[in-house]
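Input: a single structure, listed below in C-alpha cells.
Should a chain be cited, it is by its letter among A, B, C, D, E and F, assigned in written order, with residues numbered from 1 in that chain.
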C-alpha cells in the first residue's frame, strides 16, 4: 500500500488533466508566448509525477510499459533530427533550415506571415520542433523520477 | 514617479532573501530541512527571474526547481538516511 | 478615474515581501520538519499572489501564465515532503 | 572564530554585495537601450519576425538560429536519463 | 467512451479559456469578449484528444453523476454559501491570532458520504471554514478526523461527534451536489 | 461613475488581501504547534489570495470595458490562478497535517485526540 490518502488521490486526479492541457498549451504556443519545448515538457512531466506521488510508484509502474517510454523518447529525438535534415533536403543548403516559414504549396496550413503574427500557424517548423523536444523532455524527466522511486521501494516479497 | 525607488527596494530585498535561504540549506544538519530550504530558494529565485522580466527562465525554474529537484532530493534522502554526518 | 495602479501594486508587493520574510522566519525557527513545511507552503501561496500582482503592474498578460504554473506545481513538492514525513514508500 | 568561518563570511558578504550592485545596475523596467546594443542583438531583434515568423525571439533563437545548441542539450538530457536508468533499473527475474 | 467524452470536453473548454483573443470567431461584437481563431480551435481539438486518451481512466472513476447540469447549478449555490462561511472563518482566525485563545482537539465525525468526490469536497471545505482542519481519513468507513481549534463541551457527549457542530451545513450541501 | 466604483473596489480588495496575508504571517509566528499554524497558514493566505486576485480581476474588467482587449485575457488567466489555488491549497494542508500526525507530533494542549488510537491499531495489524 504505497500511496497517499483518498483526498489527495482524488484531487490529483482532478488536477491532472488541467495540468496536462496547460503544459501542452505552453508547448504549442512556444513561438508566441514565453515557454517552449523544455518548459512545457517540465510542466507535463511534473503533472505525471504528481500522479506518481499520489498513487505510489508500484501502481504507476503497473500502468506503464518501459518499452513504450523508451520508444517515445526515441521518437522525440528522431523527430527533432528529421526536421533538421528536412531543411537540407527541401530548402537551402544548411542544417536547421526553417523550410516551412514561406511555403509555396502549403499556404493553407502554414500561412507564414500572411495573416500577421500572433497566430498559432505561423513560424513554420518551430512548433513541430517544440513538440519533438517536448516529447523528449516529458518522457526523460518522468522516467528519471519514476525509475528512482521504483528502485527505492520495497516490493511485497522483498525484505 | 515614485514607483522608481519601490522597484529598487524590491530588487534589493528579493536577492537578500535568496541568499539567506541558500545559506540555510548549507547550515541545517537535518537534510529534510535543507531540502525545504532549497525548495524555498528555487521558489524565490523564480520570483527574481520573473521580476527581471525573463518569464522563459521563470517557467523552466518553476517546473524543474519546484517539483523535480525536490522530488529527486527527497527520494535520495529516503534511500539513504536523514541526518547529516558531522 | 485612475489610469493604472502601478504605485499601489508596488506597495502591495512590498507588503507581500514582508509576509514572505515572516514566513521564512518560521522556516528558520521551526522546531520540527512539519513546521518548516507549513512555512514553505505559505511562501508558495504568497509568491503566486506576488506574480499575479506583477503581471497586473506591467499589464503584460503573458506573465500571469507563470503564476498558473506555480499554483499547479508548488503543490507537488509539498506532497513529496509530506509523503516522506508520513514514512510511506514512494 | 576559525579561519573557515572567516572565509565563509567573506564569501557571503562578497556574493551579497555583487547581488546588490547587480540589482542597482539593472535597467529600469521595459526600457530598451538602443545605443549600447551589440550588432548581433540588433540583427536578431530586427529580423526574427520576418525570417522565422515567430513572435517569441527566445524560441526563435533556440530552435532556429542556434539549432545545434538545442541538439546538444537534447543529447545531454538523453545521456543523463540513460545513466540514471542504468544505475537504478530493477532487473526482473 | 463516456469517460473519454467528458475528459475531452473539459480539456477543450479549459484550452478555449486559455486562448481567447483571436479574430475569426467573435462573440458580442466590438468588445471581443470571447474570440478565437480557426487554427486555435483545430489545435485545441487535437491537444484535447491527446489529453483525453492519456487521462480518461484517471479523471473519471465509474460514476458520471457530475455530468448532470442540475448539479452544476447547485454547485454554484454551494460556492456562495462556501464564501460566506469562509469570511466567517477568517475573522475567527484573526480573532484567535490577536487574542491567542485556543482550546484545540482532534475529533472524529462520520458524515456518511459514499463517493470519493463528495468526501474530498467536504474535507477541503472543512479545511477552509471556521476553526477546523481535516487531518486524516478512515479509508474504509469514510470517517474524517478533524483538528478543531475551539472544542465545545456539548459536542463531546456522543461519539463520533455530530456533524452539525463541526461543518455547519456543508454536509447537506455536499450531499445535494454529489449524491 | 462606474469607473470610480471599480477604483474603490480595487483599493478595498487590495487592503483586505494584504491584511489577511500579513495576518497569516503573524499567526504563523504566534501559534504554538503545527496544526494551529496550519489554520493560519492555509485559511488566511487562501482568503487573501482570493481578494488580491479579485482586485486584479476587477482591474482587468475595467480595462476591458474601456476598450483594451488585453483586459479579457488578464481576467480569464487570473481566474485560472484563483481556481488552481482553491483546488490545491487545502489538499496540501491536509497532506501536511496527516504527515505531522503520522510522524508523531502531538497537538498542543489537546482536550481530546480521537486519532491517537487509530495508527496504533494499524501497527498492531501489521
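Worth a mention:
By our rule, contacts are C-beta pairs under 8 Å (C-beta built on N, C-alpha and C of every residue); 3 or more make two chains touch, one makes a residue touch a chain.
Here the structure is a predicted model, which is why all the values come from computation and not from measurement.
Steps from chain A to chain C, minimised over paths through touching chains, total 1.
Listing every chain that touches chain E and chain F alike gives A. When the C-beta pairs in contact are tallied for B-D and for A-E, the bigger tally goes to A-E. Comparing the CA-atom centres of all chains against that of chain B, the greatest distance is found for E.
Remark: the per-chain Cα centre closest to the mean position of all protein Cα atoms belongs to C. Averaged C-alpha coordinates give centres for chain B and chain C that are 11 Å from one another.
Averaged C-alpha coordinates put the centre of chain A at 31 Å from the centre of chain F.
Between chain C and chain D the centroid-to-centroid distance comes to 24 Å (mean Cα coordinates, whole Å).
The set of chain F residues that touch two or more partner chains comprises 26, 38, 42, 46, 73, 77, 80, 84, 88, 91, 93-95, 98. Multi-chain contact residues, meaning those touching two or more other chains, occur in chain E at positions 18, 123-124, 134, 136.
Counting partner chains per residue, chain D shows two or more touched chains at residues 29-30, 58. All chain pairs that touch, listed by label, are A-B, A-C, A-D, A-E, A-F, B-C, B-D, C-F, E-F. Those residues of chain D that touch chain B in the shared complex are 12, 15-16, 19-20, 22-24, 26, 28-30, 58. Within the complex, the chain D residues that touch chain A are 49-56, 58-60, 62-64, 67-68, 70-71, 73-74, 77-78, 80-81, 84-85, 88-90. Considering their complex, residues 5-7, 9-11, 13-14, 16-18, 20-22, 24-25, 28-29, 51, 119-121 of chain A touch chain E. Chain contact summary for the complex, chain E toward chain A: residues 7, 10-11, 14-15, 18-19, 37, 39-40, 43, 47-48, 50-52, 54-55, 58-59, 61, 116-117, 119-120, 123-124, 134, 136-137, 139. Within the complex, the chain C residues that touch chain A are 62, 65-66, 68-69, 72-73, 75-76, 79-80, 82-83, 86, 88-90.
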